[in-house]
Amino acid sequence: MKIYADNAATTKMSETAFNAMLPYLKEHYGNPSSLHTPGQQAAEALQTAREIVADAIGCTPREVLFTSGGSESDNQAILTAAKLGKKKGKKHIISTAFEHHAVLHALQKLEKEEGFELTLLDVHENGLIDPAQVADAIREDTCLVTIMYANNEIGTVQPIAEIGAICHDKNVLFHTDAVQVVGHLPIDVVSDNIDLLSLSGHKFHGPKGVGALYVRKGIPIATLIEGGAQERGKRAGTENMPAIVGMAATLEESMNRLTENIQKISALRDQLIRGLSTIEHAALNGDPEKRLPGNVSFCFEGIEGEALLLLLNAKGIYASSGSACTSGSLDPSHVLLAIGRSHEIAHGSLRLSLSEENTEEEVDYMIKEIPKVVDQLRMMSPVWVSKVRGEKDFIL
Amino acid sequence: MSLYSEKVMDHFTNPRNVGEIPDADGVGEVGNVKCGDIMKFFLKIKENRIEDVKFQTFGCGAAIATSSIATEMVKGKSLEEAMTLTNREVVEALGGLPAPKIHCSVLAEEALKAAIQNYYERNNIPYDKSLFPNCAECETCRMV
Amino acid sequence: MKIYADNAATTKMSETAFNAMLPYLKEHYGNPSSLHTPGQQAAEALQTAREIVADAIGCTPREVLFTSGGSESDNQAILTAAKLGKKKGKKHIISTAFEHHAVLHALQKLEKEEGFELTLLDVHENGLIDPAQVADAIREDTCLVTIMYANNEIGTVQPIAEIGAICHDKNVLFHTDAVQVVGHLPIDVVSDNIDLLSLSGHKFHGPKGVGALYVRKGIPIATLIEGGAQERGKRAGTENMPAIVGMAATLEESMNRLTENIQKISALRDQLIRGLSTIEHAALNGDPEKRLPGNVSFCFEGIEGEALLLLLNAKGIYASSGSACTSGSLDPSHVLLAIGRSHEIAHGSLRLSLSEENTEEEVDYMIKEIPKVVDQLRMMSPVWVSKVRGEKDFIL
Amino acid sequence: MSLYSEKVMDHFTNPRNVGEIPDADGVGEVGNVKCGDIMKFFLKIKENRIEDVKFQTFGCGAAIATSSIATEMVKGKSLEEAMTLTNREVVEALGGLPAPKIHCSVLAEEALKAAIQNYYERNNIPYDKSLFPNCAECETCRMV
């Protein structure tokens, strides 16, 4: 059995996306800036795609900017708010300790190079922000609150609408990295009080290398990539037409199946969580209720995540430890440290991220195999052995 | 299609000499949980020779594989021969390691030496301290 | 007949590119940062693609950074040099008046926001830089010379190796926007003395939304998109695997067919230039010899380019006026103004950019139809009529 | 699949009333080559009515199409009626224009008015100057 359970890293592209892309990979190759028929055909498809994406998050097409992905969107959102802030002498930004690196590193650059001040809110053991924290942290000179809609490693979903309301009350721009949420949970930028939102195609069965940034009307957008007049001069570069069209097509389909998918995936998730909870000295990461439909994240005491991944890989289970980006590094995930896991425990993490393509049989197989592999590694772990003998204390 | 060579995967998925020697003559443990790798080597010494060796490892695939192959490489050797084992030889025996995993081979070399040192200490055998790692000052686990 | 003669705007993707992409659009969807088999399969393909691109321009794989396209590469190259310059108190940059907007706008931003000083070299009537101009312009505080390898509108190819040699002599970084050149003319970054080079996949029958930046070993790269550890931490974002693989595959093929293609396309170009040269009061833009194999650029007195394009479009000839990006704007192309065309003349421009897929028959058809359309528009042009009557002077 | 509506394309590719009237009673030219659009309208006036109208245009497809339809719209009208023609009506008659091309419709309105003004001037007919564009101050061609 081959089980792809790493959908938070990237997803299999849907047939819908592929079929939508196909003509743009083949005969419809015009540049939408060109005036001739193939160019204008592309320009029209670009507009249609923009409308679909706008519809999916409840904004107008003019508020949607196409980018090369979630990271670029995050960077441009932060740059936009920072530039505005700088002009007004407001150089304080509020975020959380467990943002994706695309946000965190962009913020740290502002701190280091531009003298911005950061407040990174505590995300507590359950991985959730309390809106009151945001209210308390906002200062006279706060120019941006950026809090991810849902965390990519532990799957917790924040009370975004309430946070947004506070920001709007206090007249502070609110950005949310919704890369893990768009296409998976309903979003409405208006009722969620969002000013800037990032999304990425390949996280919802769309193509890689494409994303979008929503910027509420009236906010002057800062440009990250200068050049031609594409995206109304706010994002230069010949448009990635096949990817844009593919992303829109699959997003439209995802939105149509949203309720059904949420139900199906959440059921698989809960089945898997229940199954893995029988493993001793293990713990679910993140709130059990307020989490993404597909996210299952555990820490297993006494073992190390990479070894776990590789043994699971040998059994055809494709998973992740912490986020894909940090796998292979010596440091444990900053997300797990942020929810208070010790280094030792954080090293023993496993993320299984499900999609609607996973099945109950797959979940059963994982519930059967994962404990065996955990056991196998524990048996050869000096840490585990000394805990079993009572020479060291168990943490979990 | 894998991060590791076939040899590494073989030693990782079928590690040799896993476990412990209850009445070991020398035991060495290096690394720490913070950096995510701990190796513990157990030695049975007879007439200055490594009669048996076992290991326990908390760590990544490379850590387990280097432990495994290192035990194979020193089993039956005299202590003096075993002391000449270098992390480079371990890497070569495994058919290479990805750059960020080289530190695992260093750990394996050090775990072995720590176990030998422990044997010398227990038996009050004089030895040249400079040949052994000073774990208190060891920065290995911060290497990338 | 449908003739695509807008290959400088974008190209039809090759079968080779499409076939290379296909598995990565379908079954091989892993994230190269993931440790499992699908992830590592992608990581390997990424490395192979990097080697191919490196080979094509004569550098090592570690010197190749994948980006979302030519504009991003240009921006990152300029940022890299500017950051280094700033550190050393060197804030003078040399470029030309007819760079692509991805370069020009990035430079103007540095001028406006960071206090850099720009020297834009005159490109003369023939659209060529004399290396001596660069030598003369370099100052103590020059941190970058950025000169495009070949111009996208008028096709002139600069003496890059000589310019690079001067820069290296004077210890100044040299960037070249080679977006129109890679895959079309031989490039060797070593013998061409290039430190930074931009390329874009969709200009040589590769996919849109992907490009690369070559950065010579030893130059500390500045990051434009912060985030994950992709591209050794210098360009965040999940890699656009299908596009990267497709770009590499078609580049490899282009390099294998380079001599053959240059010969074929240049012959078509010269046939077309000869044919259009029979039109009165018209002029070829750019040097007739030192130009891209596929570039044909004319100005026709007394008419306006957009009208010309649309009538040609009705005849199935897909062309461009100035660059695709500026079409539709009221201002005539900055490139044509830079080579000394008056506003009036610059408005009447036509760019036909050929590829190896064009045929002699197509060229014959264009030679037959274009003069008719030029005539048709001239007959209704008050400007033309007054010139014919001698009320105004002809310029060309 | 086109920048322009079918109506625009029709008037652009088959423009009505192209040409000039050699013995025109009024001629108006607006725009300049710098901005890329020049329109010249020729009127034949009989009993205060536009008996014939022709145009020449240097400019984009929209410029040609707006010229063409504007001539159709005023042919046969009294000068007073023709003076009420607005650029908005021209745009509507064409079934819309892309935003950056709206200025072309303004040019068409102004070219017509300039020709009527020229007729008044030639014939010393008194008229309300405020109803006519002042080409010297006209910023139309810089509008986007």
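Going by the order they are written in, the chains are A, B, C and D; count residues from 1 in each one.
Here is the rule we go by: a residue touches a chain if its C-beta (ideal position, glycine included) is under 8 Å from a C-beta of that chain, and two chains touch if they have at least 3 such contacts.
As the structure is a prediction and not an experimental result, all values here were calculated from the model.
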| item | value |
| --- | --- |
| Centroid distance [mean C-alpha coordinates] between subunit D and subunit C, Å | 39 |
| Rounded Å distance, subunit B centre to subunit D centre (Cα mean) | 90 |
| Distance from the mean Cα position of subunit D to that of subunit A, given in whole angstrom | 56 |
| Multi-chain contact sites of subunit B, meaning residues that touch two or more partners | 3 |
| Touching two or more other chains - residue numbers and ranges from subunit A | 35, 37, 306, 310, 328-329 |
| Touch-based graph of the chains, sorted into line, ring, star, complete or other | other |
| Chain-to-chain touches, reported pairwise for every pair that qualifies | A-B, A-C, A-D, B-C, C-D |
| Residue ranges of subunit A touching subunit B (in the complex, touch as defined) | 302-304, 306-307, 310-311, 314, 328-330, 332, 342-344, 347, 379-385 |
| Residue numbers on subunit C that touch subunit A, as the complex places them | 4, 6, 9-13, 18, 21, 25-26, 29-31, 33-39, 68-72, 74-75, 100-103, 105-106, 109, 200, 202, 207-210, 223-230, 236-243, 306, 309-310, 312-313, 318-321, 323-329 |
| Interface residues, subunit D side, partner subunit C - complex | 3-4, 9, 12-13, 15, 18-20, 29, 33-40, 55-61, 63-64, 98, 100, 103, 141-142, 144 |
| Complex interface listing, subunit B residues touching subunit C | 1-3 |
| Touching residues on subunit C, where the partner in the complex is subunit B | 35, 37, 40-41, 44 |
